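Below is a structure I'd like to ask you about.
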């Protein structure tokens, strides 16, 4: 609150439009039986098949550089879609293999998910990501060190700040990752996602309401010099009316010249250049 | 996204107002004990008793041709209501017998539900439907072939496109069904349905909010040349204020001369006439 | 739809503001352990302690005659509150003893709840009600006959019509009860009620939104000549801002001179005077 | 309703902006395994790390005296944050040790939670609180006597009145606590909180909607001379757009000169000075 975060080129705040390309993986993991449901699978397939081309057009039209978090499974199943993201010049980042929540995995499983995700992105798109976002934004306490061992530059899964920081990979360590925080209110899942027996309570909001929510947080984060990170899913926000409203929001954000609109990779490089002291986060004690 | 879908008569997009006439079946299936709850049954009965006549009046007033998906159980319990739909010139299509979700059935049960549904529609209304919609929009991977064996022209249960296509009945097959996609945001269940212990979290939206949601997607699908398919349930949208708002939405849609307002049967015939190549959809692999 | 319902004095529609005075009973039944939660109990107690006086003032101010459905348990615990309703000239009707859902009871238990409710209303308020509303609007198929045996004139728990009718007490019977239908969208529980682990998903709407929902249905039911029955709970709508909005709604409804604003008892007497043929409702068959 | 509550200095109503500083404790209690989820912990840490400084700024800017209910666990984990509240001149009150719901505890556990909470607030901030609020607003019937034994002046966990009163510590007792009632509609949890598998159904409202809800109740409670008590959580309302809207609401409330804006401690002292007769509340009988 006291010291404002330093942004490049005299900008006062930053904004990033990011996309989690979960497709089928987000619901298959931990619940493989949903693979037998053709309609449910088609709901998820809308993301790579229709949502990604539409969103790439939007980004092109507004000249917004973006970051796409792609599970390895999505890359294996939809290689052309993932390559089209690369071809359009956007950043590809890591999002697990089958969208596995790290806190539900053993150490061995967590390592496996990381490495399989890396392999799929390399094989399919020739990409070595520097960024990571935990599926379900559910980082485990050991994930930061695993990411550092694999030379990741940044993570984007924590929720305890309005701007990025250097995160010590374990409490007290000198080694760090850049952390670019996110929050549930800047996600489209809560506003739009309904899949009976799988996700959601039935609530489906209008694109107008979602935009109002996201825009009000943009206005307020801008005033405090923070980093506004919107997370959208192509299988949700790729729908025409949602994409149209997202386009309006892009225009609104871009109309603010004091805000740096950037991919997360570029944000992370800027943060790293600031030589900040790493911050340690410790698990809570629970008294008996 | 690139090539726009070809609609007849120079139209740039299509719109369909469709109705799922679930009545009691939608909640009895898999939960027969709710049959003992007189109030709950009366909630569902509102559909054929009050909702259908009101909706037929609306369609007549606005001269909108429509498609009604009728479970066999509804036809057996409310024959006059179903005949009145036929008499008004609308299309009757298949929606299971007791609103059985295909993915919860054995092959034998799925066949049985299809054949009993056909028999009920034939017996009650003298109708042989060419269209099918899976209850709960929950198509199984084997349903397309079962429909093709029974000479159905189209299905309307998938969610992976903005416009219709030819769906290969199994991956790689030459034989196909027309698929006319739907989506959860264009359904009234999420906006209106509450039955304690049975369906819904308690959320009941205003008709105004539901219309805003549906109209915004109409506007956006029209711009991309898609096919807007609204699904309403007479037991929900048959209520006076919801039907009134639906009438306003019909007027709004009809005010767009470039949009073809049609039954799904006519949409399917048009699609078939285009001689499109069948598209194959494959179940996802789930790695271990 | 075809023949409009006949209302007295040339009125074209009817409207009733009704109140379910559930207090603690609504949550104690089937879950007695909540009695150990002092805050939860105080949430319910707000109804008789604060909500009822405020609502009686509103009704007096707007000169609206109303019907209060009072569980016997509420009468025993808050006798002064219940007597104040009687003293203000409103109708008291039956709502179970401990808000028992009829469909969860044995025949013996259902009879017991009816008789204990009658005894409590007689003892506390000297009242013999002619109207009944099933707790949770969950009438069993045997309730109508039990009500007829006890000389009730009307029930208000079914949802299959826009206006009242004569309900055959069993299918095919000549004997009937007047039925005055209700619906979930005209209830305040879905809009306002949240009690963690007990009721609600967390949704709490603004009074403005609730009024818009109820008013839009009033407008539409008026046009079709129906009977608009609003159900509010003093422990919810007795809160100041909700009561204020309810007052605005009363003013709005009363501004329509063609609408008969009445208690349900008076509605039922009018319906009985029309000598309508009883309507039979039968439980659904569920095929195997 | 009849006799208006007497407020000091000719004020006609009172308003309090209060904060529950739950941080990690609110979700750790009863579910310690969530401590393994780093992202979830960071979501809660936002409260003391970012939310509290921002809220203290807001209170300073608007010159609003406030009450912060602080679990002992929060004090132990974030001592500087808690001391900053004290340094800013606000009241610190008791909110359990690990946010334990009293009704889920044995007597011994309830005493332990009270005493550990007192010890933590004394150790960390040198504070001996006079006010208490039950975690989850879930007072047990024995809590009032336990509070009286520890010389608390007031509790703020019941929901059965629009203004404060003297609560007999057991039915019929002369000894009493001041009770300052709260309500679910004046809480930010229902409007904003979503943590998958932990809390919330997915609903996240706009700050505008939350403000409309709270402001409408302020307007209405003011008219009846009541005590408007808003409860916000720094981990939720500390987010920029929500804090901004809260600032607007503070300005709105302060624009009403007839309303006393106060901490709860000062409200309680005023109530005590009125020498009101204690009110007894008794648990309900549940008939068999």
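Labels for the chains are A, B, C and D, by order of writing; each one numbers its residues from 1.
The rule we apply is simple: a residue touches a chain if its C-beta (ideal position, glycine included) is under 8 Å from a C-beta of that chain, and two chains touch if they have at least 3 such contacts.
What you see is a predicted model; the values in this text were computed from it and never measured.
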{"item": "Number of hops, subunit A to subunit D, where each hop joins two touching chains", "value": "1"}
{"item": "Any chain in contact with subunit B as well as subunit C", "value": "none"}
{"item": "Angle, in degrees to the nearest 5, of the Cα rotation that carries subunit B onto subunit D", "value": "180"}
{"item": "Interface sides of subunit C and subunit D: same vs different residues, half threshold", "value": "different"}
{"item": "Intercentroid distance (Cα basis), subunit C paired with subunit A, Å", "value": "49"}
{"item": "Centroid distance [mean C-alpha coordinates] between subunit B and subunit A, Å", "value": "35"}
{"item": "For subunit A, residues contacting two or more additional chains", "value": "201, 203"}
{"item": "Chain-level touch network, classified as line, ring, star, complete or other", "value": "ring"}
{"item": "Complex contact set, residues of subunit D against subunit C", "value": "1, 103, 134, 136-141, 143, 157-162, 181, 183-185, 189-191, 193, 200-201, 203, 209, 212-213, 216-217, 219-221, 223-224, 226, 281, 283-287"}
{"item": "Residues of subunit B touching subunit C in the complex", "value": "24, 28, 32, 35-43, 45-46, 49-50, 53-54, 57, 73, 76-77, 97-98, 116, 192, 194-196, 201-208, 239-241, 243-245"}
